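First chain A sits with chain B, and in the next complex the same chain sits with chain C.
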Partner chain A sequence: MRLGTRKLLDKAFSGLGLMAIALMAMALVLILTPIIWRGSKAYLFKGTIEHRRVMLEQFGRGDAKAFNRETRQAAEARAPVYRMLEEFEAEMKAMDRTVRRNYKDAYGEVEEALHVLLGPRPGKRTPVLLRQQYGQTRWDRTMVKLHEVLYATEWDYSTPGAMGVQIEKPRVDQFRGTRLEPLFDYLPAHIDEMMRPRTTFYWRFITDTSKDSHIFGGIWPEVLGTIYLTLGAMLFAVPMGVIAAVYLCEYAKEGRIISFLRICISTLAGVPSIVFGLFGLAFFLNTIHVSDSKSVLAGSLTLSLLVLPTIIRSSEEAILAVPRSYKEAAFGLGAGRWRTVLTVILPAALPGILTGIVISMGRAAGETAPIIFTAAVSVGMPLKLWETMNQPTPALPWNIYNLCTEHEAVDEIRHVQYGMVLTLVALVLLLNLAAITMRARIAKKLRG
Partner chain B sequence: MNKISVYALAALMAAAATAQQKIVVDGSTTVGPIAKAFAEYFMAANPDVNITVSESGSGNGAKSLVNQTCDVADMSRPMKDSEFKAAADKGIQPVAHVVALDGLPILVHPSNPVQELTVEQVRKIYLGEITNWSEVGGPDQKIVAISRDTNSGTYETFEEKVMDKQKIREDCEYVGSNGAIRQRVQSTPAAIGYAGLGFVDKTVKALKINGIYPSAETVQTGEYPVARPLFMYTNGYPKLGSPLYRFVTIHLGADGQEMVEEIGFVPVTSY
Partner chain C sequence: MNDDITLRRFDQFAEHNDSAQEAETHIEAREFSLFYGNFEAVRKVSLQVPKRMVTAMIGPSGCGKSTLLRSINRMNDLIPSTHASGQMIFDGHNIYGRNIDVVTLRSRVGMVFQKPNVFPKSIFDNVAYGPRLQGVKNRQQLGEIVETSLRQAAIWDEVKDRLNTNALGMSGGQQQRLCIARALAIKPEILLMDEPTSALDPKATAKIEDLIGELREAYTIIIVTHNMQQAARVSDLTAFMYEGVLVEFGNTKQLFTNPDNPQTENYITGRFG
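Moving on to the complex of A and B:
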């Protein structure tokens, strides 16, 4: 080949490589930007007075005196709203029954929308459901709900043979000439004073338990459950995996059985995770009954099976990469095989083994399918260490999916879903970072 | 060193003995919101009891109860003979607690001008005999039929009350939860689906069926044709006074009924 052609080919290849890296970086940015942007809104947002009320009443946090002062101011701003409602109710009572009927449904809707916006009306009995005891806690949701008070959404089906068109009718038109009419001007003008938005950094989102299935509070049970499951899986998988790798590399005689075993391990690495999940349910829970219900223990065991092949293979590679001369030197000094493995080979292979562990840890933390049937639940309390033996737990990957597809009020709490995603990504990143630094340190120490 | 580990083990065992009580709830995604609200309500008053709720479908709930991996099986349909038999073989005695009533609203996108259908028409849509909205007074659009998966009690109610046990058309889309049905319908103008009453909000439109709109009244009186009770099953009747007993009887109190109603379902009695 001519020199010119070779150079050209070389350039083309390095260009392709650069492009691949650039593409990957772009994909990473595309994926991470919305995760970080939306997820951060679970932590940093404009919180209303209702958010501070939840914090004080449900979590016992915040300055009660300042809050009471603020509540008084908010109540003053809200008082005219409730006065208008009362006046209109009195007006309605005095109406002729046929006229009253025109207003009844429309007024019910306004009352309901106001309850959602501001919380229960003072003087009325407290609802049982927690979600109805408070108004909107976030400013962005407040604006959405305010819009729902001001406008009724209707659908216009007048064009035959076509889909309907959404129209928004100002509710004020329904109440022209009544005592309620000024309400619709008052609300948007005074919403600030009624809700008192303030930039809130809710870092406790990560350490608070959830209240009323994630409508208020944080995600601590999920975070803790993920940590338990990941560490539990490592507790089982790491010793088993490393010992298996040592056996395969140092003790086993190469032969048919061993190569068959190797094929089995590689196959296991390719089995879909849902199969592991079903196996975990059938074996750990229904056959050997490690616990009497789904539990962190059963989930950890299932996850450990999932990551075992990765750990075995990477440990094997690391052990094989230890220079032969190390082993020969140890043997030459009179060390036995066992001693050689323990004091020479394993320490030298440790950085490689750790890499395998790091990769599997990230995998175990993020896997959903293996824990659906063995460990994960939609709601539950944070567990104490000994309770992991027989109790199930919420876990981030499963609850993200669960919120997104099954929660009855998911549109109200999208921020929690995004917050969970961000937390999970950050958690995996943190685990990896910790392990990478550890690995670097050990490698440095080994080099002397 | 050995002594320490013995102490540690002893401490762990002592701790395990005093570990908080647990109630594991599994099953229907329709009953899920009720179970979650009850769990929240119960745990607020009894912080020493940990109630976990998972929503994996009525069929899975029944299986879990039979395998004794849950204490309460939420179900949106009654147990089947085969399930009772499996339970009896394992010495389990399923006892039903009806916690609420539910109509099965037939949902379409709010932009769809169709306001009502008959059970017959809905059946024909799901059989594939009616494939265009124009055949039932709507615009000229191909109908996208969405159904729950076959593990779901909601599916079986629909199969029994609407389909007359006939087979749903093959190109029907199956999804795994009530929430997923709502999401598919709210994002697909030509879709039709069905879900529990508690999952209906402004983003979807419930149709009148045989001229009856699904509401608390029409479900309770039996006028609305596609209605059903929602169950919680336990193994035997729970020991009186036990946390489990108090949990499965929450719906009998005024607070429980209010919760059921506010979530969107129909309380069993008019409290």
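Moving on to the complex of A and C:
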């Protein structure tokens, strides 16, 4: 009976454990699937001829001859559209003033929507804003914009007392009987030939700079900024953290001061990251002026403070886990404290220390709040190494936040936002993977 | 009464051991005590350990054998709140005196621990650890030291083909002999062994005992053991301790066959301990 109960309990526990793991795996899949699915569309999508135009004109990439041939074909397909516009404009001119007024606003909307869809009208002055110099670069956005050409949105207030409802009305109804009427049939029928969609693998998304604040191009400045900030933070935090851990474990005499220090470190680990950000601003920038304005340096320093407790704690644990006998052996052979730490304790503790570093790297790469005031800007060029000393940088976490809260045209470039998320997650995973394999290799070497 | 016993010196038993009579003293404890906090684990022990002989320390568990042994190279310093009184004379100096450099002391007094504690490094690096500390950098010179040490520890033939593999991959007995080789590589004068065979099987134990027999030619060896037969087999002299006090110290054969002290007799004959 007793044995039976025990076995039952055993089974129940292993069952619970399995369930917990399964739940975690499910949560992971649930989180990762949309990230990967949506993020991948920044890299792999149906690109239109406008995308290739941007590539050629802005990045000097692609085969100019083939592109010109393609442009000619597209222009042929677009020519009827512009002819219809001209004919309708002539028709409008001939109209009576009062009649003309009925069409003017509606026509202006159509013209504008067409500009957004296809790019500037041939023969017209080139717009100043880069984003207005090109039509839709992606097929999914093309379909959205085509819809906007074909339908006007209006507010319906017919139910008194209720909120207004947005309804869509075909624009063609506004131009019945005019020379513009056929446009609304021509566009959906020939959109393929006008835009020439083609499956595009834009891997350069990760290495291209952005044009016109992320409307076109890639995210290299953000990626590079994140790498700088993360490695910079590690550069400061790892030596400091490991030395502090060695001191706490090997040199410090247990006492009130040390217990107090330990409490401080634990508390530091729980401080919200925005507080670190403000501290970084107040201390590194305003008090000791590591740079004149926001800079990668100031951001790295702030991030290093943020991850320091994690590194100290995990290093301490790793050092304490080194068998006492190693230490005794080294001392017995005449090694001093310092030599023992360097030649025996740290090598044996390295896998554990690396684990802490891995966790901290992921944290540093993904933190937004600490860099808001100390390092991050929304638009910037990739920095040279020496420029990190005094220049701010875009960075993935901050720009993801910035894109979805402050960007004026975020709806147009959701794919960039998701692409950044995917890239950030991939970057962190990659860093972790590298560290984990390194850790495994060292652990294996230690085990023999 | 106890004090009276501890004051007995080795030379009082000299009549039982003719060769020891001429042997010069290598290390000497004078009224030496060691405290863990307020607890006196070793109580006013006085003894003279002769050069190039094997001295065994026996006694019931907790009687202070390890503590006394570890006092000889000041390994107790690692434990906070220990302090010593009396003197431990080595090479004319009290090693608990002011000007003693512990690192130098430990490079002259090697130690082998109860459990083999090889470093998680290659066999070569394990043995070369001590010499490297002493500043030997030349690869060839290191290689020579490693080889002689491993030969002395009677393990060279077993490991010569895998010097670069991790030492943790060896058997327990091999690891312990590697530890001995590692201790020998620093060219110590004295070798302290704290129950070096207690974690090993009989075969490995026999090998280590043979090894001790060979090493006595060149080193002063002090070995702590729980195994009475082992003490009888390998040692020239035996010290019996009880509750921190050195009860009897003398020629091994004499001590085992005809102990002076009834406590010793009781312990040896298995009536307590």
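The definition used in the following text is that the second predicted complex is superposed on the first by the 446 of 448 C-alpha atoms of A that agree within 3 Å, B and C clash if a C-alpha of one lies under 4 Å from a C-alpha of the other, contacts with A are read in each partner's own complex, and residues count from 1 in each chain.
As a working rule, contacts are C-beta pairs under 8 Å (C-beta built on N, C-alpha and C of every residue); 3 or more make two chains touch, one makes a residue touch a chain.
For clarity, every value in this text was computed on a predicted model and none was experimentally measured.
Student: Using the superposition on chain A, decide if chain B and chain C clash or fit.
Tutor: fit
Student: In the three-chain superposition, say which chain, chain B or chain C, touches more residues of chain A.
Tutor: Of chain B and chain C, the partner in contact with more residues of chain A is B.
Student: Should A:Leu129 be classified as contacting the first partner (chain B), the second (chain C), both, or neither?
Tutor: first
Student: Looking at the overlay, what does A:Asp212 touch: chain B (first), chain C (second), both, or neither?
Tutor: In the superposed model, A:Asp212 contacts chain B only, not chain C.
Student: Between chain B (first) and chain C (second), which does A:Thr287 come into contact with in this model arrangement: first, second, both, or neither?
Tutor: In the superposition, A:Thr287 touches no partner, neither chain B nor chain C.
Student: Please indicate which partner A:Gln166 is in contact with in the superposed arrangement: first for chain B, second for chain C, both, or neither.
Tutor: The first partner, chain B, only.
Student: Give one of first, second, both or neither to describe whether A:Lys253 is in contact with chain B, with chain C, with both, or with none.
Tutor: second
Student: Once the shared chain is lined up, is A:Arg339 touching chain B (first), chain C (second), both, or neither of them?
Tutor: The answer is second: A:Arg339 touches chain C but not chain B.
Student: Using only C-alpha atoms, work out how near chain B sits to chain C after the chain A superposition, in angstrom.
Tutor: Nearest C-alpha pair, chain B versus chain C: 20 Å apart.
Student: Please report the chain A residues shared by its interface with chain B and its interface with chain C.
Tutor: Common interface on chain A, chain B vs chain C: nothing in common.
Student: Hey, which residues of chain B end up touching chain A in the complex?
Tutor: 12, 15-16, 19-20, 22, 24, 26, 29, 32-33, 36-37, 39-41, 43, 50-56, 67-71, 109-113, 134, 139-141, 176-180, 183, 189, 198-199, 201-203, 205, 255, 258-259, 262-264
Student: Over in the complex, which chain A residues touch chain C? Could you list them?
Tutor: It comes out as residues 253-254, 323, 325-336, 339, 343-344, 347-348, 445-448.
Student: Note which residues of chain C are touching chain A in the complex, please.
Tutor: Against chain A, chain C makes touches at 73, 75, 78, 80, 103-104, 106-107, 110-111, 113, 115, 117-121, 129-130, 133-134, 165-169, 179, 182-183, 186.
Student: Please give the residue numbers of chain A that touch chain B in the complex, ascending.
Tutor: By the definition above, chain A touches chain B via 127-130, 132, 153, 155, 157, 161-166, 211-213, 285-286, 292-294, 372-373, 376-381, 383-384, 386-387, 389-394, 402, 404-408, 410-411.
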